[in-house]
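Each of the next two complexes has chain A plus one more chain, namely chain B in the first and chain C in the second.
Let's turn to the complex of A and B:
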């Protein structure tokens, strides 16, 4: 039991990194990043757990009863909220990348251009193609 | 009680693996929701009820809804760009 939380956290982090590295879709990639974040939840709660401890709520328990570490639980609570915010931000960036680049595949995205948006650059190249074909 | 906690850890590892291995994003949403539910049960087993409640609200309801909204936005804007 003492090794299991760390093993599960390492496994979740590794499989999340594998998913990020091999993902061909940005939305799938954000989901894999969520798996990496869940590894940190498991690691922190496994660090603070005590065998036989109660939840750190002393309403109907006498003070001094062995309890699990409440600091780790506060950290995990913050981590969950920050993770949800990060997921929302990355999904918005994904939608913008799809709007500008035309694809959700990281391999198929057009490179960003220095001047102006890539959409404008594409329109300019289309116009130049038309001019070449008419002339 | 000594059996439940390792079992919950194993379920967490399995559901996290399922989230990664389901490659279609429309199906991955369900895997993410199940992963959030399993994580909430694990946190309750680890004597963290407030974290479990927050994970249940965020990881099992809010984040899959965000993914659904993102999928909807991507699908509705893709036919306009094809022509």
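Let's turn to the complex of A and C:
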């Protein structure tokens, strides 16, 4: 019973990783990364938990009452905030990849041309990318 | 790489890493029996030393304030990157007003939705302010309250529509909120040095334990975080929403690359 939280964390991380490895869609991939990240929430909160401990807020309970680990809770807070903004950043990169490649499939991601024919030629190279990937 | 090869590689990596992972998991403390000594000491000392009741805020804004400063700038960098990527190809000029895609119908909202949002919006904002202000006494703080405040602004969008939302929310204000919040946090670290104290040392009066204005410098840092998170997350909503309004790029053959 005492390993259940750690097992849940490992399971979440595992299925998230499996989803990332087999993903055929960038949005699905970002979601899988979120699943991986929730494994870290479970792990951190599990590490900081103590049976019978109160939340580390000594307003209703006097200081000195056994409480759970506040460091882990602060870490999870950091984790959530960073995760939310990074998800936004990754979704923007997804939008960019879709605009350039016309596809959300990681398999069809092609290297970006380093502006060989100036930025104006971007539309043409995108079309040729699409032809390559369908052939 | 075909999906089958990818799965095979993943399984191979898992096989290699599994013994190490099992070793680490077996070495973890049993769940629920004890907590780390560091957290134990913080719980024991901080209420008297900093006059605050919420240990999580005490760690975020005082004991490990430097780490939160780093997190704050990570947030700033991620949001700046998002905005630059989204705004880059739209151009700076057209963000001041609501854009509408030609040909997209404007669906009128039912009066019930408008009424519900007009009631819930201010209440959500009030609750967000409450959570922000009570950072040092009850569960709450700048991060959580800031996100609630940002969702309050989203209710304006739901109730008043996009054009009304853009009239109420100005992109430049959001930039100022976000950058100003981060600046305020950085100043909280630097100003104590002018008095000869250490970086981010709590030089303000600490106040009374369990009082709303306890914690000294933590309150200012908390306010900075709340401003940055509110501005940043609203900015994210705004930029993503604007993205759905951008005209199809297929109609512009000579578009600039982002």
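The definition used in the following text is that the second predicted complex is superposed on the first by the 111 of 135 C-alpha atoms of A that agree within 3 Å, B and C clash if a C-alpha of one lies under 4 Å from a C-alpha of the other, contacts with A are read in each partner's own complex, and residues count from 1 in each chain.
One rule holds in what follows: a contact is a pair of C-beta atoms (placed from the backbone, for glycine too) under 8 Å apart; a residue touches a chain by one contact, two chains touch by 3 or more.
Note that this is a predicted model, so its numbers are computed, not measured.
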{"item": "Partner chain(s) touched by A:109 [first = chain B, second = chain C, both, neither]", "value": "neither"}
{"item": "Which superposed partner A:64 touches (first chain B, second chain C, both, neither)", "value": "second"}
{"item": "Touched partner set for A:81, first chain B, second chain C, both or neither", "value": "both"}
{"item": "Which of chain B and chain C A:42 touches, first, second, both or neither", "value": "first"}
{"item": "Partner chain in contact with A:34 - chain B first, chain C second, else both or neither", "value": "first"}
{"item": "Touched partner set for A:95, first chain B, second chain C, both or neither", "value": "both"}
{"item": "Touched partner set for A:55, first chain B, second chain C, both or neither", "value": "both"}
{"item": "Contacts of A:18 with chain B and chain C, given as first, second, both or neither", "value": "both"}
{"item": "On chain A, positions contacted by chain B and by chain C", "value": "1, 4-5, 18, 24, 46, 49, 53, 55-57, 67-68, 73, 77, 80-81, 84, 88, 91-92, 95, 99"}
{"item": "In the complex with chain A, residue positions of chain C that touch it", "value": "3, 6-7, 9-10, 14, 21, 25, 28-36, 38-40, 42-44, 47-48, 53-56, 58-60, 64, 67-68, 71, 74-75, 78-79, 81-82, 85-86, 89, 137-139, 141, 143-144, 147, 210, 229, 232-233, 236, 240, 243, 249, 253-258"}
{"item": "Residue numbers on chain A that touch chain C, as the complex places them", "value": "1-6, 10, 14, 17-18, 21-22, 24, 46-51, 53, 55-59, 63-64, 67-74, 77-78, 80-82, 84-86, 88-89, 91-93, 95-96, 99, 115, 119-120, 122-123"}
{"item": "Residue numbers on chain B that touch chain A, as the complex places them", "value": "2, 5-6, 9-10, 12-13, 16-17, 19-21, 23-25, 28, 31-32, 35, 39, 42-43, 46-51, 54-55, 58-59, 62-63, 66-67, 69-71, 73-74, 77-78, 81"}
{"item": "Parts of chain A lying in touch with chain B, wherever the complex brings them together", "value": "1, 4-5, 8, 11-12, 15-16, 18-19, 24-25, 27-28, 30-32, 34-35, 38-39, 41-42, 45-46, 49, 53-57, 67-68, 73, 76-77, 80-81, 83-84, 87-88, 91-92, 94-95, 98-99, 102, 104"}
